[in-house]
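Same chain, two partners: subunit A is paired with subunit B first, then with subunit C.
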Partner chain A sequence: MQGSLIKIDEEIVTSAVASISLLGIDSTYDVYMVKLNNFSSVTTGATPRVRVTKSSSADTTANYNYAAKQLRTDTTFGNNSNTNQTSWDILNALSSATGNIANGILYLFNFNNATEYSFVTMEITQRSNEGLHRGKQGGAVHTVASASDGIEFSMSSGNIASGTFTLYGLKK
Partner chain B sequence: MATELQFLKSVSGTSVSSLSVTDCFSANYDVYAFFIVKQDTTADGDTHLRFIDSGGSVITASEYDTAQLSVASYAAFGEGRATNADRIYNVHQGQAVSAENGGSINYIYNPNDSSSYTFHQTSSAGAVNSSGLVGNKGIGVHKVAEQITGFNLFPNSGSYDFLEVKVYGVK
Partner chain C sequence: MATLEELTVEATAEIEAAKPMYKQVNNDRLEFTDADYAQAVTDLANSKWDTQQFGYIQARQEAYGSIGDQLDMQYKDILNDTTTWKDHIAQVKSDHPKPE
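Entry: the complex of A and B
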């Protein structure tokens, strides 16, 4: 893998913002990776919203589907899934309390392909807004056959408090 | 074009009860990936993980929360969890039959940051007793804000005939 990961875009949030977008997905690479680090929320209990971008703007149409196993350190695991949503709900709720942050890796498939849906796999390790350690393992799809040029992160309410969001291309 | 997955070190051990990967975290990266690329164990038993503090000591205190989803081709899926554990469980499948030991990728977040917890996630694949595939998806956290300089791997039972780990920084 050494030599295979090329940085495309990065957003570092150190003061509250409503959303961030990682842009620059095109035909250069077939598969892209997003690294999430220290992702936290201003509003306790707010859930991250993830959307694809079309021509640099988030697509808010109800075409987001996802399914994931929620790993929990406190109790039985759960299944999280939904269809025809206006965003992917692929992380647990966050807060700005110390340590309640999300980290994870997403892989993006077919984003640049105008005749295919945009797919995501995710592996998340995080402290939830209750201070419990949780994770998500699963996948997501945006069922619109058109090219996506990026991915946007926002919150269900309030702002993103912090985080480093990095987009990479996997060298062909 | 510069790559952002940067090889840091390879560490291996032969006939060892555990393997410590030391001095591999720095201010140069916030996120690291390590692969267990070769593992041979003397007994059936998964590999567990502990972190190493800035003094070079393996952290054995009950400071970890951990959860694992086990997926198998021959049996029902399983799940495990623990809070205030003394390790992060099952980061790699381990079998006494050499051919059944697969591979794993592990990510570690914020180890060098003395003001942050250190987060972990793993994904592994192996085989069990000729029955078929078993994989593991796991998460963990060391819930003390302190600087972490390395990590220690050890089997649930037995020892390692051989273990090799490769560590990368994700810039």
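Entry: the complex of A and C
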């Protein structure tokens, strides 16, 4: 259906920054979508860190769980999972080398629901810091029953080099 | 093996050296607040701790190679009376030791 994907926020990183926030999640939509395009890191080997925001600030409490299948071209597929972390580790390590970028889609569920946890599904394709093609598919949950109004991306060390991060609402 | 306190000192020095740091919100580039810098130190120290304590797990997984390749090594070891697979696993464990 035409006009079903409503753009809410977009951050285009052209000059390195330590973090970006996509804000504007409210009760208007039940499900939101984040598009990651050409996401790269200044520091080779740094891993993207993802957090929900509450009142526009990242929630840094240890309530982030995730489980994902890591798809690899060089060896057997792996599993990544963890509980009670201070962020979601839902992408593989990146670098600023040409082509070593990540692209993908995250779907955000229950972010504005104050009585449910915030859930995410993700589908990522990227060239890792070793120049290998990798993908990740899985899900994550923030186990705090309160409303989240956005999502923040940063790196385990160093800055985000570039990328276009776009938040959409899925029309009800 | 460094303690978390030692890694926090290391992380503090790295964040100090990286100043000024910026966040991008609503397409505005804003310098970190004191609270943001404090969180960046905590995050970096925790990241260093995780790498030190648990980095060997992923490093070993990657170095072991695919199960298919390992089965091939074992098959050839049986045929040729060699220890290629056992040596390979021992080498990976030695190259990526588990922290004590």
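Assume the second predicted complex is superposed on the first by the 170 of 172 C-alpha atoms of A that agree within 3 Å, B and C clash if a C-alpha of one lies under 4 Å from a C-alpha of the other, contacts with A are read in each partner's own complex, and residues count from 1 in each chain.
Here, a residue touches a chain if its C-beta (ideal position, glycine included) is under 8 Å from a C-beta of that chain, and two chains touch if they have at least 3 such contacts.
None of these values were measured; they are calculated from a predicted model.
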So if we stack both complexes on subunit A, do subunit B and subunit C clash, or do they fit?
fit
With both structures superposed on the shared chain, find the angle between the C-alpha centres of subunit B and subunit C as seen from the C-alpha centre of subunit A, to the nearest 10 degrees.
100
Of the two partners subunit B and subunit C, indicate the one touching more residues belonging to subunit A.
B
Kindly classify A:Asn38 by the partners it touches after superposition: subunit B alone (first), subunit C alone (second), both, or neither?
first
Using the superposition on chain A described above, determine whether A:Thr76 touches subunit B (first), subunit C (second), both, or neither.
both
Now for A:Ile12: first (subunit B), second (subunit C), both, or neither, which partner does it touch?
second
Look at the superposition and give the distance in whole angstrom between the closest pair of CA atoms, one from subunit B and one from subunit C.
11
Considering only the contact definition stated at the top, list the common interface residues of subunit A for subunit B and subunit C.
74-76
So, in the complex, the side of subunit A touching subunit B is made of residues 1-7, 35, 37-38, 69, 71-77, 98-99, 101, 103-105, 123-127, 132-135, 137, 164, 166, 168, 171
Okay, in this complex, where on subunit C does subunit A touch?
14, 18, 21-27, 29, 32, 36, 39-40, 42-44, 46-47, 58, 61-62, 64-69
Looking at the complex, which residues from subunit A come into contact with subunit C?
9-13, 15-21, 23, 47, 49, 56, 58, 60, 74-76, 78, 86-87, 154, 156-159
Where on subunit B is subunit A touching in the complex?
1-7, 30-31, 65-69, 79, 81-83, 107, 109-110, 116-117, 119-121, 123, 137-141, 143, 145, 168, 170-171
